[in-house]
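Each of the next two complexes has chain A plus one other chain: chain B in the first, chain C in the second.
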Partner chain A sequence: MSVFWFVLGRPADFESMASSKKVITREEWEKKLNDVKIRKEDMNKLVMNFLVTEGYVDAAEKFRLESGTEPDIDLATITDRMAVKKAVQCGNVEDAIEKVNDLNPEILDTNPQLFFHLQQQRLIELIRNGKVAEALEFAQEELAPRGEENKSFLEELERTVALLAFDDVKNCPVGDLLDISQRLKTASEVNAAILTSQSHEKDPKLPSLLKMLVWAQNSLDEKAAYPRINDVSTATLEDPAI
Partner chain B sequence: MAQENDAIGFYFLDLWRLHSKSAASAAAATTSSSASGLSPEDSEFEEEPTELDTVNSSGGFSLVGADKLSVQYPSVNLHGHDVGVVQANKPAPSKRLIYYFEIYVKNAGARGQIAIGFTSPGFKMRRQPGWEANSYGYHGDDGLLYRGHGKGESFGPTYSTGDTVGGGINYAAQEFFFTKNGMIVGNVQKDVKGPLFPTVAVHSQYEEVLVNFGQEQFAFDLKAFEAEERAKQQATIDNVAIPQNASYGIVRSYLQYYGYEETLELFDMSSKSTLPPISLAEENGCTGEGNSYAIDHRKTLRQLIRRGEIDDAFCKLQQWYPHLVQDDKSALCFLLHCQKFIELVRVGRLEDAVAFGRTEFEKFYRLTEVHDLVKDCAALLAYEQPLKSSVGYLLGDSQREIVADAVNAMVLSTNPNIKDSKICLHSCLERLLRQLTTCFLEKRSLNGDQGEAFDLRRILSTYKKA
Partner chain C sequence: MPTPASASAAPASWTSASYQSRTVAEELIGRLSSNSVSCEAKLKALRDLKNQIIGNRTKKLSFLKLGAVPCVVSILSSATTAAVAAGGNDGLESTIIQSAAVIGSFACGFDAGVEAVLQAGALQILLSLISYPNEKVVDAVARSLKLIYQSKLGPKYDCLKSIEFLLSLLNSENENVSGLGASIIAHSCQSSMEQNALGDAGVISKLINLLGGSPIQKDSSLESLAAILKENSEVILKFVGPENGPALNVVTELTKDKHPRTRLLACSCLIVIRNALPSYLQDVRIKTKLVLVLLELLDVPGQVGDESPFVLSSLIVGKEDMQKLAFQEHAIDKLCSHLEKGSLQPKHIEGIFLALADMCSQLESCRTRLLSLKALKFVTDSMNHDCAEVRAAACICLGNVSRSVENLSAGTFANEAVINPLVQLLSDTSTSVQVASIKAISNIVLDFTLQKSTVIKCGALKQLVELSKSMDSTIRANAVCALRNLTFLVSDRCKEELLLELTQSTLLSLVSDPEPSVQEQALALIRNLVDGSIDSIEHVFAEDSVILHAVIRQMQNASKVEVLIQGMYILTNVASGNELHKEAVMNQLFPEQLGSTQSIVFKSLQSSDSRLRTVAAWALVNLTLPSSSGALKRVTRLRMAGIDSYLKNVINDPCLDVKLRARTALTQMMAFGDGSS
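What follows is the complex of A and B.
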């Protein structure tokens, strides 16, 4: 049976592929592409949305002047948001918490998880700076009570405190907490919470459109062979593989 | 070379035309009452069911009201072939995510044998929807779902007098779904392609049903359901991996392409100080196509045009790229001259505008392909308040933008390293968006024209979180 399939199967498969998939040549595809009209102002809006959400405040302000595109958020709020983000990225968590509360005290009040992660980051920074006694006190007084409220917080706390148990923290099982990526993770969590509190989407639209392109091409692949864009950074059309 | 350049110029003339048309249709849209806001010329436009079909009816077994939105069963039923079936006047539109309609059971009559569903064009008008092939129906007396034969499958609750029941097609999931009093009852796979008519049926004495094709608010929250369905699709899309910093590179090349040089400078400056610093891969990506070519010149030209200083822009072009403006009848020169005329009108120098127009337009009027555009410009003189006229769009920022973009593309095309000047027409971002749109349209056309198109405007308008 299987041998039989092997001999007969391939040409049959080939045939069914050829008959079921529509082939669209480069010429035909380019004609379709040319029928698509993308408005300049819409592209400008996409770019502005990226600059604003990612916090490029100076560039956003200049882009407003150079392109005449109005931002979808008060640009002044970006500066404050970026200051918080930067503080976390640099390890000044106390400063960051103060700044968030200046911006809008509700953000931390309504996000216990975010508040916990900021406090956890503060603990990590204390351990990083070798302030063992201070770290222990902070863990017991500030973090432990929150751990009692929430089981996943407790696990996180235990994982963090474990940093104190190792001599060579860089190579210990929980060493990843000391990595710069942990700061970036916490920073982007705060960033997202501030954006949400300003009723703005926490992610820019452009990356999700790029994902949508990859997804749309993949699902069209099932039905047709056509020129694809395989590298989004160059956006060059590549001929269909037939 | 001259020909190639004119291809670029004519591309921007077409953009202008498009702009003129959309300005005209926007003016028309304020007076029309189309629910979708689409005009019949729009490729996304589809006729929707608005009332019940009284021509193709089941003889004496259904009595459609004068408003064509209600149906009654007039007689005492005799047997199974005496069903009063009524289809909508148009099939359910398919170029969208979801189609939906509702019925209100005003009177369940003697036996409550009411059905809501979808049927194909040749449906036998004496049978309940669901009993025949290519038809689907949710029946009130037993709450069963019928699809293709006389035996129903368990589905949902029964419905009767006072209930509102809805039927819908989810084109993304390829499913029918039904609702009762605003709540989803269930869904079932849609295994038929081709047009389907919203259909209602009555089958016992005194039964009376009112149909709502959207002329009144639905009991079911369709908008929320659509948002949910889109979120489902979005969740799949979110899982797709894309190269890190891809968006960053695309934004950067966009700024380069259009000569937004000052923004670019600040963008680069702050990305150097971000954590982690973003590596500037100059050699790969869109930058490799010479996007930073002549960026200072392009920036200056754009600024002049955006300020309306067309003479200065023209002088600079003559100084820097004399061959671009050598041919006084080229599309580029036409664009610049028109803009100069528009700027004169804007500042109220009408006599100068007339004098300028007489010499310049005379020259271009021999080119038949720009007649329509010359006419638009000249029409500005006819109005006391040109801004409020049908050609008021010419005084908008976007007209300056078209001219600035045309000049920008022309300057880019002088880059000796560029093999194909077509590449100068679009930024990397625009090429991606065109590919994305085309993929969606092609996918839909291979799927029997079912489903919604990619709509950048809709995506952009969801600024605020739900």
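What follows is the complex of A and C.
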């Protein structure tokens, strides 16, 4: 008897579950959103934080003048930081190192890994330009002692020096080191280290805010149907599917 | 297909390259020290030097050898004088900035560099520039000073004399300058007098303010707070007091900070508070949090990961509840899995072994877990490590793991793979490694013959005997302790063997050692030696009882109660022997020329140390044993010396052992009459 009841009871349960999900109409939703107050200054700060962290110095300067938002960092240091980043991206690693040392000599002295990666990038550039003798000398003089200090550096050094052993470097097993992405990787490592030394966040706040929005929507999906933002770049509210 | 092997063909160019770079270096130093070079050229040379040495220890060393440091300091000195005289000058200020940067780099992570910088007198010049009107100069100077003070070789700043100056640094708007103030405190504040003085001067509230600053300020503030609060409950009470608001909560929150270094320093700070004032931070959630954060920080590469096991160790050392908690959070597994990864920095391995040692110091569950993870292999492997600190830490770890009676009896440590490397370390060049290995051996040989014989087979006996003659009293005491443990409950043959190696004369000189800790161990060794068969008691009677006389002499002059206790045990053991033995003890305790002076055994009965009272009563039990033929004679002698009143004083002793034995002795004496007639 009770088993029979249980089987019969199931569809009813499903129905009640489906109907327990609350539906919020666009009107209601927009009304709720209107009640949320966000200060203009706060939004400006977020924008400024994005411009500063990403290194858009001209835009940041213009935005400062137009909105009156003060950046939390000396804008001149962004120019310096961007110059370093650009130098690495163009393969002028020596130049980049000198610039970092002018900015703050502590960065490379206290960051052996970053220093090694910059020196490694220098070696890669020498190899890229076919300066074999110079590359070997540089590896011996500058990089080998670092390898002695740290095993993982030694492995990376061996991988890099291996480039010299192949005729067709582009298609050799370690060819990825010559890739432009290697430069970008090194450049972003320097960028992050400079930001940290300036007591600034490595990442802008805006992306994490958007991540939080997506997460909040996903959590809310389990409880309610509501106008959702599916495309964060347009932030259009889309009607709930009922 | 070509192989990468050709890459190692480079050494041919090695000599020429280093020759070339040497001449380049010499030429650079030439430009710096020359008087005929223009200011611009000198500035360029300074910058070149800076770019050569930053991040590069090898170059720091070679430039140091060429005399670069005094050269740069003299440039800094004259540029400073000239700039101050001229009331500011761009060229001179650039020179100051570059030379300060060079000096800072020489002092960064390079001990020889710090020494050279200090010797060349850079410190005073840099300090004189700290309030210079140009902010860039101040930045450069503050950075350099901070690097000097962060080095362990950096000079201690007299916190008591210059509190005003330190406060002015902490008050600075400039992040580098306030960070410097905090670094100086972290490096220099050690005595409780300095801690109290800084606390009274309001440094704590300044540092609390800095906790809300930039990441760099947070870190340096946490570091100096730990230095000011360490083992000083008075200052800690001030820190947690109402005038500082929720300071403790702020630090607790920082254990969740995004920056790993900040998390580590916040943990250190909380542990300092907890260890000095156990009533704080008792909430199990905070305790668990600390353990979890520190275990997680093990994974952070570099300094933070290297230091985290040391901080963990300071949290759990000597605290069984914390060890239990850490065990529940899988600390043993996590620490061991790091060892498995390999290629770690020596500092990291050392810290992990020390943390494991602390975990295994009390709890059997920890030891069992460690052994089940097959981690013993890492421990024994590390006994060959290049770094002495790692070798010592491995020994300490093995020593604590081997406290496991279960595994000792199962013979887990009784194989040459474990014992051999340990015995090798007895002759290590580092004293701390020697001491650590002696202690570990000492522990392993304590209770079980299997271990004892393996240790002797590996040649430890000869080495330990040698070490018992060491000039270093710590080594001597530990070596004798190991021999003492080796003598614990062994056969008469083993004792013979040991005595043959040690010799009567060495034993005699150890009993009369100037160091009380060595005397104590030597007497304890003899106590083990005369424990057991009647034959073994004979050892103290050899050569006209020379050992027994020496023991009594030491007991009469003992400065340490432990010496008396061990000596009394020897007498008690001897008094358990035959008539001759008992009589000999009587004669030592009650010599005819004793006169009115009190016997040691009675003095011991009146001791405030219950261990000594216990063994003294025990000696009297052995001397009054009614079954032996001379008992009546001895009881009469004891009664004449006034034993009854001494025993009656202890028949209601608060220590049960004393009470029981005193009553036994009294009962035994009653067999010969109540002494009233």
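Note that the second predicted complex is superposed on the first by the 223 of 242 C-alpha atoms of A that agree within 3 Å, B and C clash if a C-alpha of one lies under 4 Å from a C-alpha of the other, contacts with A are read in each partner's own complex, and residues count from 1 in each chain.
Heads up, the rule we're going with is that a contact is a pair of C-beta atoms (placed from the backbone, for glycine too) under 8 Å apart; a residue touches a chain by one contact, two chains touch by 3 or more.
Nothing here was measured: the structure is a model prediction, and the numbers come from that model.
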Partners on chain A (chain B, chain C) - clash or fit: clash
Touched partner set for A:G68, first chain B, second chain C, both or neither: first
First, second, both or neither for A:S199, with chain B first and chain C second: both
Chain A: partner with more touched residues, chain B or chain C: B
Touching partner for A:S188 - first (chain B), second (chain C), both, neither: neither
First (chain B), second (chain C), both or neither touched by A:A59: first
Contacts of A:L210 with chain B and chain C, given as first, second, both or neither: first
Chain B versus chain C as contact partner of A:T25, first or second or both or neither: neither
Contact residues of chain A, present in both the chain B and the chain C interface: 196, 199
Chain A - residues contacting chain C, complex: 97-98, 101-102, 104-106, 108-113, 115, 133, 136-137, 139-142, 145-146, 149, 151-152, 158, 161-162, 164-167, 196, 199
Chain B residues within the chain A interface of the complex: 15, 18, 234, 236-238, 240, 242-243, 246-247, 249-251, 254-255, 258, 260, 262-264, 266-267, 269-271, 275-276, 284-286, 288-289, 302-303, 306, 397-398, 401, 405, 427-443, 446-447, 454, 456-457, 459-460, 462-465
Chain A-touching residues of chain C, taken from the complex the two chains share: 2-7, 10-11, 13-14, 17-18, 21, 47, 50-51, 54-58, 101, 104-105, 108-109, 143, 147, 175, 214-217, 301-302, 343
Residues of chain A that touch chain B when the two form their complex: 22, 24, 29, 32-33, 36-43, 45-47, 49-51, 56-59, 62-63, 65-68, 72, 86, 89, 180, 183-184, 187, 196, 199-201, 204-217, 219-220, 223-224, 226, 229, 232-235, 237
